[in-house]
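One chain, subunit A, links the two complexes that follow: it is found with subunit B in the first and with subunit C in the second.
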Partner chain A sequence: MVAEAVPRPAPRGWLVVLGQELRDLWLGGRALLLSFAFALLLSVIAYLVATNTDLNFLEQRESVNLVLQAAVAVGTLLTLLTAADAVSGERERGTLENVLLTPVSRVELGIGKLLASLSLWLAAFAITIPYVWILGRGVGVVGNAVLVGFVVGSLLAIFLASLGLVISLFSGSNRVSLSLGLFLLLALYAPTQLPAGARRGWAGDLLLRVNPLTAGEHYVGRILVDSHSWTKDISWLVSPVLAAVLFAGAAVFLSARFIRLPGGLER
Partner chain B sequence: MRRCLLVALLAAAVVAGPAQGAAPNLSVQVDRTAISTTLGSDFSFRSTITNRGSAATSPLVAHLNILSLRPGVYVDPEDWSENRTRYLAPIPAGGSTTVPWSVTAVSPGSLGVYVAVFPASGEGRPATGPTLKATIAERKTIDSGDVVPVAIGVPALLGVLAVGIRLGRRRR
Partner chain C sequence: MTAVEARGIVKNYGSLVAVSDLTFSAEGGEILGVLGPNGAGKTTAIRVLTTILEPSAGTFSVAGVPHTKPTEIRRRIGVLPESAGYPERQTGHEFLRYHARLHGRSRSEARALADGLLAEVGLAERGGTLIKTYSRGMRQRLGIARALVNDPRVLFLDEPTLGLDPAGQRQILTTIRKVARERGSTVLLSTHLLGEVEELCSRVLILNGGRIAAQGTVAEIVRQAGAPRSARLRVASEDVERAIAALAPATAVERAEVANDQLGWLTVTLAQSNGRLSEDLMGEALRALLDAGVPLLSYELEGARLSDAFLAMTEPA
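Now for the complex of A and B:
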């Protein structure tokens, strides 16, 4: 009796794209290099927090907050940089034509590339855990820091990766895509540099709440530094959640229409 | 001669006039004059402003200031207290108002904290309260020795991983 070979179902298109993108990112060395730079930055901040007398006045909770906020800011920046390269990079390297010839829908292409860029945030978060643990142990803040960092960081990473992908869809070159992405990111972080007085009042409060990055970082600070419960300041998570959902939806929707190669000789 | 003297006296009165504001009738007291705490801790105190005059004061401004009693310590009062200026309603004759202050100990050492009260019109001299002497003990919150292994180990591990993957790809 001969057993009939059961054909294995073909993997879904976005999984194939995700696998290929992850191999390119991680085995190609780019993601590891970025992660290495990220770890170096966290090391410098953690060392300064522990040794510099001006920074060491910080209460331990504030030290954890400082490192976690830096990790979220830079970790999500990595996803933006990777996503901003996703389509414009293929266009620039002349590989988009081959990608478009594969039997994978453009929506699945967009989803695969988006998820692959989010792997940078997951790696950055895993790298952050030892720093949070070493700085926050003994004051019962590590568990909360890891959880709130993961939740807020993931929301911001989804938002920024989606934003990067949208920018990449409409950019002819990586230079345009990366500079526009960085400019937007800096603009989003600009309110954190406002003096304390400018952040008070309804206008300042609204500005911080509407901006997903400042709202997310504010929420992290309230939980870690002020020991608020997760529900007390939950309204601060509205804009990060909305931004993550809306921009992820927009990235997938626009991928279906705008992952394309302009015709003609010029590319 | 008498006329000249009269003019001089009048001029002196005009010049000295604004300096005779509400402040001489105000007294500022604090509920403590010394505190010892550690770096990074919060402490609070209350100042009571009393109108000892026979008429109500004009609106007042109370201001908190902090300075180091020893040279070589940088103190930025903005870091110590977020809300250092308070605008107060007029105080009736014989009345008083109490203002609470919250302060975070940002630098170690001996520091002087005081409250000054001005008429909101900007005229007159400020009335200042007694100095609250704050002794801030240094506190090392994190042991730098514990951080070093992580600060070196994590990037080193990632570096080794990156080199290993690159070498593995070359061999293939």
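Now for the complex of A and C:
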């Protein structure tokens, strides 16, 4: 007979999951590749902003704003793509069942995966700092840009990573999950392409405010370009904060029920 | 002590009944073979018992823990799922360390455990290489090692030899036998290798169409199925026709015919036994031959096989 083993609890299972997810992402090379591509893109944008005769009419503050907006948009896109792969990818590769057979709860699995995907944003932000510093030297905007970029970018990264995880929970395949995530992101950014006229008036204002991405972008612009104080336009942060909190909550809540194998009600 | 007890488990996928009224038990330390044709419900049953799927009805307990406490069950079981995937970019050692950590082991414990398990399944030399370089047999052995990270009371192995060549199958079955003997865990083994089940398993559960078709020891199942038993007799080639004529009226004989491989050999199918030993039936057949004056050169009784019973119980009429 087997000796009566004392079953162990798995304290901080989410930390174990986070650690392994980070190793898989970074040592596996995927996150490094994405970060390298991000740095390359940012270099091109920064170079054009600084040297192109059509673009360098921008004031320094506007240049910093433009680069920061691009960094936030692409950096948060990386978190969305990573999170969208988190569960559907494991389902597709057949590796989910082994993890589900451990005593770690689904909620902890979800939290670990969510936090790991946010590491892409942190890396993207760290890459962005030197570009902001170079473009913003001498006009006293660097400190503000780094801080507001980090706050708004982090809120949007949490929102989009959570959205990606929710999509991944319900997707039968990785391709569907990634395509849907990308489509939703483009849809969220669509209002930024509206003509200036359509963005004026109460309807335009409302459209920009309820959309976390456009609201965040607007808030960053007001601080960096218009030199507003952090509190003057704070109402523009309402939707990014709400989106981050609600979607992160939803992702964790839904993980408990929907991190499962395809087919049937599972726990 | 009862290691697994299932009472009336039902699992439906919409209108499809995958498992119906599954009731059985497995005692501590025994190896229970779970057999059935494809689609019989073996994997679904194992997924229910390992808490991956919720049963639609019924109750069960594993290692004394009721099904209402799935996390506690998962702490006490080890599972090799059918066709499980493995993270290609991890090494075997890293994979085992991760799962040991998920089961609550400290870093140093997990490292030592991974070393020990890799040696136990014969992968010590390859523990540091990426899983993507492993053969299918090596992956299956790694999966068995993973199933052992929490020193489980009950081990569920779903088709551990699927897709392996005979040498690979032999290697896996040797590993299972060793694990069961040395650790004393209860093993539920789902497989298609009936010969190995006869050799390894103390009891057998046959599923068909989501229901239990039979359960018991191999001998009990063969008896339940009333699987035909046969013998091969050798007589002089000129006596073959006389021998068949003598055997035909014997009540112990269901059918006697010329064996198609060798001259002078007959294949005799013994009648349904109704509890009589095959040796008794054979004795009656031999007497019939002697009474007819047919000299018998040799004979061999072919034992009833699990495969006969399996086919009898699972093949459509």
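Throughout what follows, the second predicted complex is superposed on the first by the 251 of 267 C-alpha atoms of A that agree within 3 Å, B and C clash if a C-alpha of one lies under 4 Å from a C-alpha of the other, contacts with A are read in each partner's own complex, and residues count from 1 in each chain.
As a working rule, a contact is a pair of C-beta atoms (placed from the backbone, for glycine too) under 8 Å apart; a residue touches a chain by one contact, two chains touch by 3 or more.
Keep in mind that this is a model prediction, so the values were computed, not measured.
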Once chain A of both complexes is superposed, is A:S105 in touch with subunit B (first), subunit C (second), both, or neither? second
Contacts for A:L135 in the overlay, against subunit B (first) and subunit C (second): which applies, first, second, both or neither? first
Quick check on the superposed pair: does A:E97 touch subunit B, subunit C, both, or neither? Answer first, second, both or neither. second
For A:V16, decide between first (touching subunit B), second (touching subunit C), both and neither. second
Taking the stated contact definition, name every residue in subunit A that is touched by subunit B in one complex and by subunit C in the other, in rising order. 27, 29
Show me the residue ranges of subunit A that touch subunit B in the complex, using the header's touch definition. 26-27, 29, 32-33, 35-36, 39-40, 42-44, 46-47, 49-51, 56-60, 62-63, 127, 130-131, 134-135, 196
Name, in rising order, each residue of subunit B that touches subunit A in their complex. 39-40, 78, 82, 105-108, 139-144, 146-148, 150-155, 158-159, 161-162, 165-166, 169
Please output the residues of subunit A touching subunit C within their complex, sorted ascending. 1-2, 5, 7-11, 13, 16-17, 19-20, 23-24, 27-29, 93-95, 97-105, 260-261, 263-267
Could you list, by residue number, the parts of subunit C that touch subunit A in their complex? 1, 11, 13, 28-29, 47, 50-54, 70-72, 74-77, 79, 81, 83-87, 89-90, 94, 98-99, 101-105, 143, 146, 150-151, 153, 183-185
